[in-house]
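Here's the structure we're looking at; comments come further down.
Chain IDs A, B and C follow the sequence of writing; residue 1 opens each chain.
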Amino acid sequence: MSLLETKELSKNFGGVIALNRVELKVDEGEIVGIIGPNGAGKTTLYNCITGFYKPSSGKIIFNGKDITGLPSHKICKLGIARTFQIPRPFLNLTLLENVMIGALGRGTSLNEAREHAKEIISFLMLDEYADQPVGKLNFNYRRRCELARALATNPKLLLLDETFAGLNPTEIDDMIKTVKKIYEKGIAIMLTEHIIRVVMSLAERIIVLHQGKTIAEGPPKEIANDSKVIEAYLGKKYFV
Amino acid sequence: MTISLGLIINTIIHGIMLGVIYATIAMGMSLIFGVMGIKNLAHGDFAVLGMFTSYWLFSLFNVSPIISIPIAFTLFFCVGMILTRCIFKYIVGEMLGSIILTFGLSIFMENVMLLIWGGDYRNIPVEYGVYRLGTVSVGGGYLVAFVSTLVLIVLTQLFLSKTKVGIAIKAVSQDPEAAESLGISADMIRLVGGGLGVALAGCGGATLSLIYYIYPYLGILLTLHALIICVFAGLGNVAGTFFAGIIIGIAQSVATIQIPYALTPVVGFVVFLLILLFRPQGLFTRR
Amino acid sequence: MKKLGRKNISIIIITIIALTAPYFIVSQTYLLHLLVLVFIFATLAQSWNLLAGYVGQPSLGHALFFGMGGYTLGLLTLYIEYFKNNPWPALILGGFVGALLGLAIGAMCFRLRGPYFALATLAATEVVRLIVMNSEFTLGARGIVIRLPPSISTPFFVIDFSEKLPYYYISFITMIASFYVVNILSKSRYGLLLQSIREDEDAAMTLGVNAFKLKILAMFISSFIAGVAGALYAVYVGYIDPSMDPGGVLTLFTSIEPVLISIIGGVGTIIGPLIGSIIRVVVGEYLRVSFGWRAGMDLIVFGALFMLIFFLSRKGIWGIVKTRIKFI
């Protein structure tokens, strides 16, 4: 049984069809990449899965449980965490406090949450910034704060929304290493990305979305050579 | 009490008339919200100022309250522009901030009025006679108030939809940045919008002085009333406030058959709660 | 650890001073009277502060909980024999009535974003005031006179409620208790979670925070405290009415008091409401005494001051509120 499964997931806004009967699966411990041109429906997909939007039709099954239409906080408690395309940290709180909130979501005591948060912060090597208000940190570290926060909720599935956007090449390499570390912990990861080399090097499997529909699915090498995908998106052959 | 058809028709007619008058004030509030994103909690107090303007013009200079209506309009248009330039301009778009600030303004204004004029209930003692048509009898004051506000509303609507400035106001309400990129100065438009909004309040108040008694605390009641109408119509929906005002006016009027007049705001409040619970975006918005 | 010790010791010292000082000024009834008012309004402001500073929901109708807390006590002492002779449990009941009203409004508004909560509290206060004004059960516009609580004899001394001293202690203890509750709350996991909701409710939800439940919790505590403060005010002043004049407990003028006090004293700090209340009461009294102003006129000055502070804040208007929660 897959960890996450969507069945005929659709979402429309007025006349605009954002998701059109999307069927996808993510297994435990997998890294799946979601790519597609802007407007393909990637963020809408995330918003549906995490309970921000109610799907217009279709189902989302997580760990065998139907989570369609559940409120966000319940979905988080069931084991799905996400980051946002533009980081949304709690600016007036410190990094440690931000991560603690993720840890608290599991219903632990304040001290336990603090310990857990410190572990995660060490894991992501952010120790020196722990007591700074996140409002003072730069974009890269806000990103990492988001990541740490999401990890603190002990997710089984982590949804990364263009986590690599806006990073310079060194930062990208660091982030790739970080994502690999998370993967090694056994957390399933779904990541949407525009930066091809990232997706190609991290994902075991890639799903391509275009205009709300999945037009291709498979291992990176296959996708790179799939003519439909190239047509819709890549523009030229990409050799891994 | 026997409820005859005549009574019902009379009630409904009065409801419509009152509703239209309140709608004028609400329209001003909606306009200010639309063009500046500000919820003006002192709006009702400007209406009360309008009432006092009418009162003093009558008491001191024997000016007929009917003439006061256009005078109030002009006066409060200027007041509105000054207010926009000095205060509103700086809190554009701040939802909660504008509420708190204008709340403070309302308290300030009411206490100043209290200080200057005292808390006594005043009234403009002009008789307009009573007019009858079949079973319906309407006080002349009501009739005049109704007709003038109707004219005002029609003129405002025409202004908003047919003139260049009016359309610019609509544009800035929808998307200030887009409007700016088309060469419209959002600042200027906000001046006009703010002026018009407050003018409608002051002028609505002057109209109200024909039929209602005047006291400083009326401000908060009028503000709440206008607020409820605006939320009912959908915030920013200026045209919708007209119909919303009428509906609520009728509802309140009909309610007076059963409950004492002083309690009629409860009806508005119940409406408000129902809207919050079931359709917070208002009845006439297209979502 | 040293710093913590120093802070705690200074609190204890101040408390001891506050508890013993009255014996030295017991003859200064005017001063005692002012202090009682300071404590009561500091309590009210603290309750508002909890909601506005922590949850980010400014209530414009805290007078509703305050006034109805007072009316609860008034009605209980009016109609029920037990309370005629012993109104003190009614303080707690007043709190519960306040809390009930708060829960009702919260339940309706907290699912919505935006200013609906503030507007609903404003409207609710006015409507309830009208109902109270027009209902025979609450004695309408005549208001309720609350009889003097009978003296309580203890082995050492008699507590005479016709004097200010007992009220001083009761209001002081109430204030300290409310401050303590809010302090505990802010240092607990709930405090942190509430701040996250205030910062970014959506993001907090994705982290498993049940925003609605927490907001309701904060609302309950806030309106409970406000209700207790109102009941205390009622029994102290001895009279309560639904009039719209400044001084009426269900007016918007009362609703703005906690807002004024919190802004002056510092929103989001635990000691802020006390500082703000002292300034408010002292300056208000000074204005009233030196210029012979009636009640409400000092609101002109404070209203203008309030607008000025708000307006000129460099962090933008709501920015003052959205700062880090400081403790002292």
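In the analysis below, a residue touches a chain if its C-beta (ideal position, glycine included) is under 8 Å from a C-beta of that chain, and two chains touch if they have at least 3 such contacts.
All of these numbers come straight from a predicted model, not from anything done at the bench.
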Most remote chain, CA-based centroid, reference being chain B: A
Central chain (by mean CA position): C
Cα-centroid distance, chain A relative to chain C, in whole angstrom: 45
Whole-Å gap separating chain B and chain C, where each centre is the average of the chain's CA atoms: 33
Whole-Å gap between the CA centroids of chain A and chain B: 49
Chain C contact footprint on chain B (complex, rising order): 39, 41, 87, 90-91, 94-101, 103-108, 111-112, 114-115, 119, 217, 220-221, 224, 227-228, 231, 260, 262-263, 265-266, 269, 272-273, 276-277, 280
Touching residues (chain side chain C, partner chain B) in the complex: 58, 60, 108-109, 112, 114-116, 118-120, 122-124, 126-127, 130-131, 133-134, 244-246, 252-253, 256, 259, 296-297, 299-300, 303-304, 306-307, 310-311, 316-318
Sites on chain C touched by chain A in the complex: 188-189, 192-193, 195-196, 199-200, 202-211, 322-324
Chain A residues touching chain C - in the complex, by the definition given at the top: 50-52, 71-73, 76-77, 81-82, 84, 88-93, 97, 100-102, 104-106, 109-110, 113, 133, 149-150, 152-153
